[in-house]
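The two complexes that follow have subunit A in common; it is paired with subunit B in the first and with subunit C in the second.
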Partner chain A sequence: MAGKDAMYLGDDITAALATDSSPPSTKLSPADWAKKNLFSSGVNSLLTIVVGLAALALLWFGLNWVISADFEIIRANLRIFMIGQFPKEELWRPWTSAYVLILGAGLTTGALARNSHELDLSQEIESHKEGWGSMLRRFWPVLLVSIFFVSFARTLLPFIGLAGAFALIVVAREIGWRMPAAIRERAIFIGVALFIVSMLVIAGTSRLGGYALGLVAFLWMMSELSRVDSLPKGFAGTLIRSGIALVVAAMVAIIQNLIPHDGFGWENWGGLHISLFTAVVGISLGMPFGILLALGRKSDLPVLKTASVIFIEFVRGVPLISLLLFSNLMLPLFLPIDFERPADLTLAIIVITGFSAAYIAEIVRGGLQAVPKGQTEAAQASGMSAASVQRLIVLPQALRAVIPAMVGQFIALFKDTSLLSIIGILEFLRVSDTSNSQQAFVGKGLASVTYLFVAIGYWAFAYTMSKESRRLEAKLGVGHR
Partner chain B sequence: MSETKAINSDATQVGGTGRVMIDVVNMDKFFGDFQALKNINMKVGEQEVVVVIGPSGSGKSTLIRCINRLERHDRGSIVVDGVELSDDIKAIQNIRRETGMVFQSFNLFPHLSVLDNITLAPRNVRNIPKAEAEATAMELLERVKIPDQARKFPGQMSGGQQQRVAIARSLAMKPKVILFDEPTSALDPEMIKEVLDTMKDLATEGMTMICVTHEMGFAREVADRVVFMADGEIVEVGTPEHFFTNPEEERTQLFLSQIL
Partner chain C sequence: MNKSSKMLRILAMLLSFVLVVSACGSDGDEGSADSGSEDGGSDDSGTDDGGSDDVELTQGGTLAAVTSAGTLQCGGNDTLPGFGIVDADGAFGGFDVDYCSVIAAAVLGDAGAFEITPLVAAQRFPTLQSGEIDVLIRNTTWTASRDGAEQANFLHTTFYDGQGFMVQADSGIASLEDVADASICVLTGTTTLLNLNAVLGDLGIAFTPVEFESNDELNPAFQAGQCEVWTSDASQLAAFAANMEIDTAILPEIISKEPLGPVVADGDTEWAQVVNWAVMATVQAWEYGIDSSNVDSFLTSEDSSILRFLGEPITDGDGNTAVAEVGLGLDPKFAYNIISQVGNYEEIFEKNLGPIGLTLAGSPNDLWTNGGLQYVPPFR
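Up next, the complex of A and B:
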C-alpha cells in the first residue's frame, strides 16, 4: 500500500512517509471503506440496502421518463426561457450584453484574486494562483447547466456563442490577473461599469442607465480624488472633491444621453435573464439602503430610528407578493396624473430593493452587535468622529461577519423573483406556464418537462452561490482579515 | 478619612515638571444608583508617571476612562491640558486627540494590518498624508521593536506583540498623555516583560502616563507616585517605596499582601 500511496504523493511527502513523521495514512481499500461506512452494523446494512434500492428505483423511473419525454416544448421555447419575448432580430443585444458581462466578471475576479494573492504573499502566507481545475469544481453546476440549456438549441449559433463565452472568461480572467497593480486596485469600478454597460447594450439606451453610469462615475471619481494628497483635507476638501466628481459624473450621464435612444428600455425583458438581473440589482441596491436602515435603527435620533423600525418591520411583516401587487396596482394611483407610468420592471425593482433592504438591515444589525465594544472605544479614544468610527471600524467588521447570511439572502431573493409573474412579468418560471398554453403544446401535459427544466436552472445558480458562500466563510474564518 | 490624619490620601501634589497636565476636581461617577467614584481629587504633572492600584471593582478603570470621556462623569470637573471635559463634542475630541489609551485586551482593529492600525487615526483625525503617516508608523514599530511585523494582521501576532502595536498606535497621535488600563494582565508571563520594557522606555523619554497596573516592579522603577484606590475612593497616595516599606491604611496593607 505504501508503494501505491507514494505514486499519488509528492517526493517530499514520500520522504516524510519513509521517516514516518507524517500522520498515519487513513486510506482504505474500497472494500474496507464500504464495510466501515455502509455495513458496520445490522441497522446500517439494512439502511444501506433500503436507500440503495430506493435510489435505483428512482433512477430507473427517472431514466424511463427522460427517454420517453417530449422535449420539443423546450426546443421551441428555449429563447423565451432565456430572455423572454425579446425581438428575434435584436438577438445580437443579449449576446453582446452577455459577452460584456463576462468580460467584466473575468477581469474583475481575476484582478481581485491577484490582489488577495499579493496581499497573502506580502504577509508571508502561502498562496497560489487558483488553477482552472479548481474553478471547474467551484462553478461546474452553472457550466454544466449552460451546456444543458444550449443542447436544446436548434441552430449551431448558441453552441458557438457558449464556446466563445467560455473562451472569453478564461482570457478575461487571465488578463485581469496580469493587469498592472494600479488598474487592479480599481477592478470593482471596472466591473460595475461593465455590468451597467452590458445592461445598456440589451436595453438600447435608457435614462436610468445613464444615471446609473453617472453614479458609478461619481463614486469612482471620489475614490480617485481621495488618493490625491495635494487637495485640502476636511470639509473644504470634501466639497472640492464632490464638485469635481459631480462634473465628471454629469458629463458621463450627458454623453450617454447623447447616444441616440434606439433602445426600448426593459419592457421586453424576461426569462432567466430577468430573474438573475432583478436578484443582482435588488441585492446590490438593497445593500446600501439596508446598511443605512441598520444604522438608522441604532441611531440616537428618534425620528430616524422610528422611521427605520417602521420600514423594516412593515416590509418584513408582509409577503413579497402583496408588496409587488401593491406597487403595481396602487402606487400608480398615488402618482401625479401626468406622470408617465413606470414600467412594471421598474416598479418591481423598487419593491425588491426595498424588500431586500429590510432583510439586509436585520442581517447587518446582527453584524453590528457582534463587533466588540472595545473596537468602538479604541477608535473613539484616538479622537475619531462617530461617523468615522462607524465607517472605518464597525461597519467593515460587521459586514465581513455577515457575508454568508447575505449570500443566503441573495439566494432566497433569486428564487423569490419567480413571484414577479404575479405582476405580469415573464420571468423564468412563468415561461413554463406560457409555453404550456401555446397552441402546439396545450393539453399535452408537458408541464412536468418545463418545470423540471426550470428547476434545474434555479438549482444550478442557487447551488453554486451556496457553495461559493461556504467557501468564502471558510476563507474568512480561517483567515484574519 | 479626616480622622485618620496620618494617612496621605492627597493626590493633588504634582510631580514631573510641575505643570499640571490632568486636573480632576471633586469628581463623582454613578452607574445608575451605584456610585463608582466618590469625590476624586487628583492632579498629574507633565512628564509624571502615576501608577494606580487597587482591588477589583475599586473604580480604577472608571477613573481613567472618565479622563478621555469613554465614561461621562456626573459631578466635579476634569481638565486635560487646559481643556475642560464637557458635553461639547469638540472639546472631547480635542482631549482624545491628545490622550492615548492602551487597553487590557489590546483592542487592535482585526480587519486592518498593523501598519493601517497605526496610521488610521493620524490620517483620519490629523489628516496626515499616507506616506508621512506610514514613515512615522515604521519609526514607532522600530521603537517598540517589531518593525518586521508591519504587514501582518493582529490575529497573526502574539499577545505581547499586539500590545506593543497598541502602544505604537496610541503614540502615533503624538499624545501628551497616555492612559494604560492593565496593559499586561491579559498577557502570558513571558510576554509581560517586553510590554513593560516598552512602557519604561516611554517613561524615560518623558511621557506623561497614568498606568493602572499591579506590576509593582514596574511601579518601583518608573512611578513618581502610586495611588491606591478602594471602593471608588483614593485611599492612600505615596512613592513606590512608601508602598513597599510602610503602607499605612489597613486596606492597602491587605491588598499589597495579596499581590506582592
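Up next, the complex of A and C:
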C-alpha cells in the first residue's frame, strides 16, 4: 500500500511524511498561557483584574452566606420536599418503590448496554464494557445531589437507604449485563413493567394500574408472537396475534385487580417525587404521541392531516397554565353529573402529555423535513411498504437529527411541572413556599435558602438529561456523518 | 385547476367539520331538554326514583352528598401563616383549616373527615362553582361583588381583619399622620395597594409606594430600612413581626374592613345554613364558657339552653323529656362534637393565631360581651 501511494506523491512530500507527521506542540506553560489569554494587552490585563476581583468577591459573599445561612428549614421539611404530604408511617412504600425502580433501571440499562456491545462486536466495531468511572462521570450531578439531599436528614435511615440504592444499581446493572441473550432482548418490557410495579407499590392495585400493566402485557405478547413462525402471515395472522395478546393482557389486568393491596393514590403524592413522576410520564407518553402527530401532519390523508394540525396549533397557541386551569376548573362542568371526577393529577398528566406531544410533533416534523426525499424514494424503489419506509428509513434519521431540540423540550417539560402548584398540587417548588409559611420560619427571609435547595434539585436532573443527550449525539455521530 | 380542486376539497372538509360540530352541539341541547322533561314526567308517574334524585342533586343536596361521601372537601390555603399552612409533618394546620375541621365534626361527627385542596387566589371562586369543593375557607374577604357576581354565599365572619401599618419601633412614626412623605412597602397588584392610594389620597398624605411581588422579598427590604412603613393585613403584619430580629410597632389606624369567613356556592340554602350554624357554635360555646376540656361537665348542666345547645334531652313545661330538634339536618349533638373534637372559638384562635403574635382580648374578634364583634344568634 505505502509503496503504491508513494508513486503518486512527490518525493519531497514522502520525505516530509516520513520525518514527523505530528503538528507542533501547542502546549503552553501556565505562565505563557496566562500571558496569552489573560494579559495579552493593557486593556485585557485591566479587565482580567477587575473581573477576577469581582469573581473573588462573589465567591467570598457566596461562601459567607452558605456558612451563615440557617438550613434548619430544609432539615425540618426534607420529607415534604421529597415526597410531599405522603403519610409518615407509610415511608416504606416510597423506599420500596424506589428500590424496584432502581432494580428495573439497572437491569434494563445493563442489558441494553450489553446488547449494543454485542451488536458492535458482530459488526467488528471496537467496543468495551463501560466502566464505573465512566458511569460516575455521566451521572455525577444526580448522585451528588442525592447525597446532598440526604445530608439534611436527621435520622440514619435515609443514609442507609441511599447506600443500599447505590449498591443495588451496581448489582442490578451487572446482572443485566450478564443475563442470557433471550432475556436481554426483552429488557425494555422488563423495565417498563417494573416501573409500573414500583408505582403500584405506592398507589396500591387499581383499575388504572390494571390498564397500564395490561398495555405492557399486550405489547410484550405482540412482540413475542411476532417471532412465532407457525402463525399465518398477513391480516389473519395479525388478527390472531392481537386476539391472543388481548386475552393475555386482560388476564394480567384481572390478576392485578384481584391482588388485594391498598395504597395511597395520587392525591397523597407530592414533592420532588411528583415532579419527577409527572415529567417521566409526560415525556414517555408525549414522545410516541408527538411522533404520530408529526407523521399525521405530513400525511396525505386530509382528515388525519387537518386533525393533527388543529391539535398541534391549538395546544401550541395556548399557555400551559391555561390548559391546566381549564382541565381543573372547566372540564368538571362539562362532565355528566354522576361521573366521578378524575384526580387532579390524572387531568394534569393528560394535559402535560398532550402539551409535550404537540411540541415534540413540531420538532419531529423538522427532523422529517431534513431527511432527503431520495431516501424515501430509494426505499420505495427497493419495495418497502409505506410503514417500513417510515419506521426503518425516515424516522431513525429524522429523530437522530433532532436530539438536541427534543432533549431541550424534555428539560423544559420537567421544569414546567412546577406549574402543577397552581392547581393545588404540592410539587417540589411549592414546598419552598409552604415551608416558609410555617410558624417557625415565617418572616425570617429563608426563601433564598429553600429556593437555592430547589434550584439545585432541578439543576441536577436537567443537567444530567443535557449531558446524556450530548453523549447520545456523540454515539450516533450527529454532525459527523 | 389542480389548485382550485384542492381548495374545494378543503372547503368541503371544513364544512363537514362544522356540520359535525353543530350536530354535536344540538344533540347536547336536545339531551338536556329531554332529561328535564323526563324528570318532570317521572315525578308525575312516581315510578322512576332515579330521576327525582337527580333533580334534587342539581338543586342542592350538598349535605347529602357530603354525608354519603364521608369526607368534606374544603378549599384552603397552604402558605398563609396562622391560617393555612403545611406543617413539617406534612399535615395541614391553621385557623382556617381548623374551621374546616369544625364543619366536618358537625356534619360527619368526625373532625378528621376532611380534605384540603390548596387554592391560589384566582382559583377560589371557579373551584367553588365547579363543585370540586364543598366549602371555601381561605382568608376570603366578604364583599358585595363577590356575594353577587361571583355567586358565592358568605357566612359567619370568623376573623375580622383589616389593613394596618407596621413601622420599626424607633422610627418616630406613631400614627397615620406621621407617615407623610414616608416610603411604604406594599405588595403590587393587591387590594392593599388600592386601599392605600385611596385612603391616604383622601387624607392628603403624600407617600412613596415601594412595590414588591411577594412578602419574601418585601420582608428583608423592610428590615433593611428600604422603606419606613409596611402595609398589609394586620394579621399578616403580626405574623411577620413575631419572627423579626428588629423591634416593630403597629400603628393604631386600620384603614379597611376585611371580614374573613367560610364561603359556599349560591343555590343550596340547606348547606349554607348547616355550615353557618356549625361555625357559629364555636362562638356560642365560648360565650357559654364551654371548651374542649370541660364540655363533658356541661352535659349535666341545670341550664336548659346549654342542654339544648349540646343536644342533651330537656324537659319542657308539660314534663316531656326529649332532645330538641332544630331542623337543620344536623345531628342534635353537632355542637358537642365540634367542641369536644376541635374546641371553641377562643381555643381555635389561641392555638393558631396566638403563636403568630395576635391577641384576642380587645380586638374586633373578641366576644360581643367583651366589646368585640363576635355575636351569634341564639341556638334555640
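In this section, the second predicted complex is superposed on the first by the 429 of 481 C-alpha atoms of A that agree within 3 Å, B and C clash if a C-alpha of one lies under 4 Å from a C-alpha of the other, contacts with A are read in each partner's own complex, and residues count from 1 in each chain.
We take it that contacts are C-beta pairs under 8 Å (C-beta built on N, C-alpha and C of every residue); 3 or more make two chains touch, one makes a residue touch a chain.
On a predicted model such as this, the values are computed, not experimentally measured, just so you know.
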item	value
Touching partner for A:V303 - first (subunit B), second (subunit C), both, neither	second
Touching partner for A:S122 - first (subunit B), second (subunit C), both, neither	first
Which superposed partner A:S469 touches (first subunit B, second subunit C, both, neither)	neither
Touched partner set for A:P396, first subunit B, second subunit C, both or neither	first
Partner chain in contact with A:S356 - subunit B first, subunit C second, else both or neither	neither
Residue contacts on subunit A - larger count, subunit B or subunit C	C
Touched partner set for A:Q256, first subunit B, second subunit C, both or neither	neither
Contacts of A:S327 with subunit B and subunit C, given as first, second, both or neither	neither
Which of subunit B and subunit C A:S97 touches, first, second, both or neither	neither
Subunit B versus subunit C as contact partner of A:A381, first or second or both or neither	first
Subunit B contact footprint on subunit A (complex, rising order)	122-123, 229, 233-234, 372, 374-375, 377-385, 388, 392-393, 396-397, 400, 480-481
Residue ranges of subunit C touching subunit A (in the complex, touch as defined)	9-10, 13, 17, 54, 57-58, 78-82, 85-91, 115, 117-120, 123, 126-127, 129-132, 214, 216, 219-220, 223, 239-244, 355-356
Touch list for subunit A against partner subunit C, complex	76-77, 79-80, 84-88, 267, 302-303, 306, 325, 328-330, 332-333, 337-338, 341, 344, 421-424, 426, 430-431, 433-445, 447
Contacting residues of subunit B [partner subunit A, same complex]	68, 70, 93-94, 96-97, 99-101, 103, 105, 107-111, 113, 120-121, 124-125, 127, 129-131, 151-156, 166, 169-170, 173
